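In structure tokens below, several structures.
Next come two complexes built around chain A: one with chain B, the other with chain C.
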Partner chain A sequence: MTTLPSQTDTKLGLVIDLDTCVGCHACVVSCKGWNTQNYGAPLSDKDAYGTPEGTFLNRVHSYEVQPDQGPAQTVHFPKSCLHCEDAPCVTVCPTGASYKRTEDGIVLVNEDDCMGCGLCAWACPYGARELDLMAGVMKKCTLCVDRIYNENLPEEDRVPACVRTCPSGARHFGDLGDPNSDVSKLVAERGGMDLMPELGTKPVNKYLPPRPKDTLDCGVALNPVAEEAKGFLGWLDNALEKM
Partner chain B sequence: MSAAAGTRIEARPSPVISDEVRQTTCYMCACRCGINVHMKDGEVAYIEGNRDHPVNKGVLCGKGSAGIMQHNAPSRLRSPMKRVGPRGSGEFENISWDEALDIAADMLRPIRENNPEKLAFFTGRDQSQSFTSFWAQQFGTPNYAAHGGFCSVNMAAAGIYTMGGAFWEFGQPDWDRAKLFMIFGVAEDHDSNPIKIGLGKLKANGAKVIGVNPIRSGYNAIADEWVGITPGTDGLFILALVHELMKAGKIDLDYLARFTNAPGLINASEGPDKGLLLRDEDGKVLVIDRATGKLTPFDQMGVKPDLNGTLERDGVTHRTVFNEMATRYLEPEYAPEAVAERCGVSADRIKAIAALLAKTAFDEAIEIDQPWTDFRGEKHEKMIGRPVAFHSMRGISAHSNGFQTCRSLHILQIILGSVEVPGGFRFKPPYPKPVEAHPAPHCGVKPLSPLDGPHLGFVRGPEGLALKEDGTPARIDKAFTWENPMSAHGLMHMVISNAHAGDPYKIDTLFMYMANMAWNSSMNTKGTMEMLTDKDENGEYVIPNIIYSDAYSSETVAYADLILPDTTYLERHDCISLLDRPICEADGAADAIRWPVVEPDRDVRGFQSVLCELGAKLDLPAFINEDGSQKWADYADYIQTHQRKPGIGPLAGFRGENGDQGGRGAPNPNQIDAYIENGGFWINHIPDEALYYKPWNKAYQDWAVEIGILDTPMPYLFQLYVEPMRKFQLAAEGHGERQPPEHLRERIKETMDPLPYWYEPFEGTMVDEEEFPIHALTQRPMAMYHSWGTQNAWLRQIHGHNPLYVPTKIWEANGFEDGDWAKVTSHHGEITVPVSHMAALNDNTVWTWNAIGKRKGAWALKEDAPEANKGFLLNHLIHELLPSKGDGMRWANSDPITGQAAWFDLKVRIEKAPPPDQSQPVFPSIKSPVGQGPDDIAWEVGK
Partner chain C sequence: MHPAPSVIFFTAFSGLGFGLLAFLGLGMPGLNGWLAFTFYFIAYAFAVGGLLASVAHLANPKNAIKSFSQWRSSWLSREGVLAVVTLIVTAIYAIGRIFFDTSMPALGAVGSALSILTVFSTSMIYTQLKTVPRWNSPTTPFMFVAYSLAGGALLAGQVTLALFTLALYLLIVAAIAQLLNWRVGDQRMLTSETNLGTATGLGNVGVVRQYEPPHSGKNYLLNEMVYVVGRKHARKVRRISFVAAFLIPVLALLAFRDAPHIGGMLAIIFHILGVIGSRWLYFAEARHVVANFYGK
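Presenting the complex of A and B:
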């Protein structure tokens, strides 16, 4: 097995706002495009024009929620590697290919050392890793490690591709190890949550929960100035006089 | 233990991203975002949003990011082709461009010499309509339109007739200032990225969002309040809100008096002018001035128009439009209690929403310290805002009551005083623009001559209809006839069936561009395919010649005789023009280009460049020089040198010989280079004083003239009461020379009501409610644009399946379980398809994703592709005609005012069915002219 760093001071990760995500899949495709050209093997698509099976590092799932009161709700739920502090995918790796970086907490796969055994995907409770069927190596979110420090990119673009492209601004990137960072403040303000905290994986990524929906008080109504047209026109003349 | 880490990536990797970035305009849907195309070794490597671009400000949707797979799709056509097998078989032979253009010219030349109307030229989802319409006008045929008739015309026409501008992408909420945003029938659609950016802003600002849609997906999923309305009843719901607001006096009286025709006086005298507005000798609408009590032109300096003024004349009392509105909308039929059940929304909820609208508009009004001067010359110290914004799309427009429903929504916006004010709905240049600033339709045909004016426009009354001298329709699609007088976008969905029926006349050549009419863009798809292949008694095709241009191997390719292959969007020149559908924002006028960031690797040409050459071959006057030689070498040449009027061309930026003029100016031979240098677009910001109240704001009107959007200031009033509609009613009542046919009189009297009202969508009134009790809809997925997305290896993995989504009540009543199939039946046909449960859905509505189902053999997909096996179209259930009324006539399944295709009127029944091996109906495979795509791909380019 492979060891994890005892702790990382910097914890880079994503904060995903489920109140704002419209489920458009922009992040999914931008990620696919960037990571097909960059870190490691390209993300392939088997039988691309038949019954396709492609590698994606980020997928959006949609769920329905039926609250006790009110109509059913739809929640769009983007999911990629959560860069856990206690990452079971790392400790299970027999070759050391999977590792968590001490300097920023990013969980990566060193593809040269990966033999595609798939143990890490089995160990990840979130289903966040995908074995690339053409390359035979394990693929996962790199937090765009090749963007975030990249001096060939303008400074404002040094964020993961999914964050840069998100049209509704539902994705935020930053250091969750720094309580004063924008992302940490956002998590504090909005009650950001861990995904399945009971598993003890201590995910770095956080989700901001949807705000309460369908809360309009149906006891409120406007007071009529009149019940029919004639009365209304009388009110109108008075109102116009006062203008 | 940890294995050697020598090959791990360095701590702070900083790889080179690409060799070069080329900035152009996306075309993965109609939104026209700016993109950065990263190039490696001369190939497209990665596409991201352009941060400086006014439309998308750096972000990009899933479609846009997948552009690389569209650009390289195996479905791309590779060469001009002529048909060698029977129509519909897909058997073609590659030919040269010389041969292709000769064939086309030989088909078209005799038509132009003898009877130009025998050419029907329709251009689908065309972003170059100002050019393609110009070509058609030069050819001389009256038969031109793009796809607006089956897409958007209710919304466009209702908006322009009412307030001089529309939703779609022609306006936008004041995203920074709105506190309440209400959307009707909006799925993923225009303006895709701007709406998502805007929703993000609203959420960040703590604004509230109300989503009105039978389906709670996408934007409606994140709405704070979801109104799961019954399809086709939005107008009733809206008028109930109007009822509540009026009854409570929660209306912006000052705004109505100053800026709308609410104080206009309706002529109550019997005769040919009854119901028209009283006007002075100069044609100006007259109002009663509250200061003097006198009849006064609406635009006189200092006038205080009386919303409740009356004029007694010759024993007749003439009352105001507003009086008429109060009388109508305060009727109990529009009370929340009266509409609740039909709308599927409780009366209490309707009342609470009305109260929230009122509270936000009036109690939370905005004031901006920005003086401005109105068209009457009155100075205002502040800009007052009503921070309630609305947006609406196909969900309300694609019904046979869509025009009046869209109008109803505009009435709601306007009584709240929330259009063109801070926090409300704002127009984007070249809008606002009154009907008077738009052309009227033209249909004057003469052999070897251009048409007598633009094809499409806005009729002002019966005199503007496109009728021949004998009263029969001048156009093949019967646009601008008594059947649909205000069909401002034409009726592309009727062209094939009318041409097949020879009604109103036969044509020789059907010439189409990028519209998948043999599949997902037609109602009655099977019937359409039969019409395209039908032969007459002589064994000749009923529609003799079909020319088609597309970049991809769509289902429609198989039905053409001649294929003119277009380029992908990264290989072409385009202009996103102020003469057409530009990329403006509410704060500025903007336009953009596409340019070939890569050259085609196939024998294909940009369609517009082909039209330049074909136009010259046919000697179309504007397309040749004096010596008869070809005038524009290609589309880029046209873009840079064509002048629609002196100083006004397709692109407004970098004009003048030195490229230093904006809006107006002489052609600039280096204009396209200047656009490329500027990131592919140009923008001119509106001065602060002119940012709001645009229809009435002197500074805005002057700015619009300066940059060439208007020729002269044209301030105008919002038309709560649409007089041109009343003129059609007057004709139906027997006034005037142009008279409707008897069978349409009653319908015109009823539906051309100059004040909005609600009526039940036609299909629902003509089928048995018990036999077909369920509404059936489609929605456009966010990651797909019509049929295009399926050929995209990445996007089809997101939306490769389209089950029919069934609400809980129907799901349980039928005992459905996961994996089940259902037979769905309408008055027209039946389909058998997979079903899936969805709880967040109107109780009486089923739906599926639009245009996922594909025909085998199309789009270079393999035979086992899920889209061609489990995928399906609802189109098989929808007919372009309504069921027979028993009077021997079948009426169009369209809005009676605009002709908009009523896709969403569909009523069905549903029952469990044994699972077939694939969705029914099944059509024979077509032979792919481009083969099938490769097995596996890993699309890394460069070293």
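Presenting the complex of A and C:
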């Protein structure tokens, strides 16, 4: 059924730290690797050695943010499925392929039922779903459901591939429904936020905003040390000016 | 949004086909035998042709049959179920008309109501999407149903002058619905709260600008939902489609009042061209909120 569960036992999700992310795209690559070799249809590349175009479940945008005062900041912005509580992608699905799990809130696609109409991708505000053009089925982040419960893996590997691989510790995985979990505490402490809250999707994944920057006295450091050229260089400057 | 020919053809022709079925079910025109067959043939060619076009849009059509299962929650599923039920109900009525010279008015009326309901559910597939502010308004179902009834009346109206007048009025109603849809759509775009600031949550920090996209090539999202060509010529396409869909048909009906076959034919041809133009724009002009992430 593509109706949403009224509540889920846990709310597994990611917390992404926009202050710490360095934009290395390691999470993008590890996600593509794991999800091509494991559950479901592989994430295809169209013309892999030519024009790069293919399916990814995780992408890193890079933004410049210009505050009212002070210099602009660079923010790297990883984006994947937010496993929304009120997921519009699930209810629009005509075949019953899209569903949200009652036990942990993970939003998944049953590829055996998907007819590739693409309506769920239209319904998602975050661009979290990409139709794989080779397989003809909708692909999305599974929160590495085939890792997190996988007892064949060492315990430290039972987290999503993107979290496991992040070299800067910018990605955290846990139960956001439990106010005492590490991720919930982190969200409370750092003012974790929802993306596009105005659309009412109630995302489970949270983003931690960049920490406020130091107010360095930039003006002094960047003042020119010599406004007017003097001596030989002054003469040269004048001579060249007159030519 | 990407204006896929299959989806344009689907919404345009299934709308026209079900519009015609709505009139035929009410006995407008009340024909039997071969003449009835001709009208039903056109209606079914348009309605079924449109539905088949929508199947061509699927990446994995072997699972299309499963789309009848989620009618409790999904408008797309409801649309499929309603379309099939409507085609069966109207087919029984049509068989009575064509082969047995009998009319079953109650069944015909149910078929008509179902036809309109099918067009309504088609429009709800688009109306429900909060992610496309231009579509997410009550003017969308109003416009789809008005277009369907105007086109249906034109297609049904070749023989009786009374229907001709009805087609004229319905064209005017549909023209108003279209203008309203453009106006409200433009307002929705202007008043949309969603921007790159809310999309990234960084709007609280300052003004956000993308300086490097996440991928150097294109991807499904850009191809499907970040279609920007249509916005450039939107005003011109609006004028052209409005003239073709409404102005010329209305003038043709008035000018050839004494020769309804000629006036009707002209009106139908231009109206269909106008509907296709308007539907192309309906998709091409619509901006999906995901475009914010790409700064487009």
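Note that the second predicted complex is superposed on the first by the 214 of 243 C-alpha atoms of A that agree within 3 Å, B and C clash if a C-alpha of one lies under 4 Å from a C-alpha of the other, contacts with A are read in each partner's own complex, and residues count from 1 in each chain.
One rule holds for everything that comes next: a contact is a pair of C-beta atoms (placed from the backbone, for glycine too) under 8 Å apart; a residue touches a chain by one contact, two chains touch by 3 or more.
Predicted model only: the values in this text are computed from it and were never measured.
A.B. asks: Contact-wise, after the overlay, does A:21 reach chain B, chain C, both or neither (first, second, both, neither)?
C.D. replies: Once the two structures are laid over each other on A, A:21 reaches chain B alone.
A.B. asks: Under the stated touch criterion, which partner chain does A:64 make contact with: chain B (first), chain C (second), both, or neither?
C.D. replies: both
A.B. asks: Quick one: classify A:80 as touching chain B (first), chain C (second), both or neither.
C.D. replies: Neither chain B nor chain C is touched by A:80.
A.B. asks: Is A:30 touching the first partner chain B, the second partner chain C, both, or neither of them?
C.D. replies: First partner only.
A.B. asks: After lining up the shared chain so the two structures overlap, which partner does A:227 touch, if you call chain B first and chain C second: first, second, both or neither?
C.D. replies: A:227 contacts chain B only, not chain C.
A.B. asks: Counting only touches as set out at the top, which of chain B and chain C does A:125 meet: first, second, both, neither?
C.D. replies: A:125 contacts chain C only, not chain B.
A.B. asks: If you stack the two complexes on chain A, which partner ends up touching A:136: first (chain B), second (chain C), both, or neither?
C.D. replies: In the superposed model, A:136 contacts chain C only, not chain B.
A.B. asks: I'd like to know which partner A:194 touches here: chain B for first, chain C for second, both or neither.
C.D. replies: After superposition on chain A, A:194 lies in contact with chain C alone.
A.B. asks: For the overlaid complexes, name the partner, chain B or chain C, with more touching residues on chain A.
C.D. replies: More residues of chain A are touched by B.
A.B. asks: Considering only the touch criterion stated at the top, classify A:145 as touching first (chain B), second (chain C), both, or neither.
C.D. replies: After superposing on A, A:145 lies in contact with chain B but is clear of chain C.
A.B. asks: Taking the stated contact definition, name every residue in chain A that is touched by chain B in one complex and by chain C in the other, in rising order.
C.D. replies: 1-3, 28, 51-52, 54, 56, 62, 64, 66, 72-75, 95-97, 112-113, 133, 135, 210
A.B. asks: Within their complex, state which residues of chain B touch chain A.
C.D. replies: So the residues of chain B touching chain A come out as 1-5, 7-9, 11-17, 38, 40, 45-49, 51, 56, 58-66, 68, 74, 188, 192-193, 196-197, 199-201, 203-204, 216-226, 228, 244-250, 253-254, 257, 290, 306-308, 322-323, 326-327, 330-331, 346, 348-349, 351-356, 358, 782-783, 793-798, 800, 838-841, 860-862, 864-866, 932-942.
A.B. asks: How about chain A: which of its residues touch chain B in the complex?
C.D. replies: 1-3, 17, 19-26, 28-30, 32-34, 36-39, 41-52, 54, 56, 62, 64, 66, 71-76, 95-97, 99, 101, 103, 108, 110, 112-113, 133-135, 145-146, 149-153, 156, 161, 164-170, 210-211, 213-229, 232-233, 235-237, 239-240, 243
A.B. asks: Show which residues of chain C lie in contact with chain A when the two form their complex.
C.D. replies: By the definition above, chain C touches chain A via 1, 57-64, 66-70, 72-77, 80, 125, 128-132, 193-194, 196, 198-202, 204-221, 224-225, 288-290, 293-294.
A.B. asks: Which part of chain A faces chain C closely enough to touch in the complex?
C.D. replies: Of all residues in chain A, those touching chain C are 1-3, 18, 28, 51-56, 59-68, 72-75, 77, 79, 88, 91-97, 112-119, 121-127, 130-131, 133, 135-137, 193-200, 207, 209-210.
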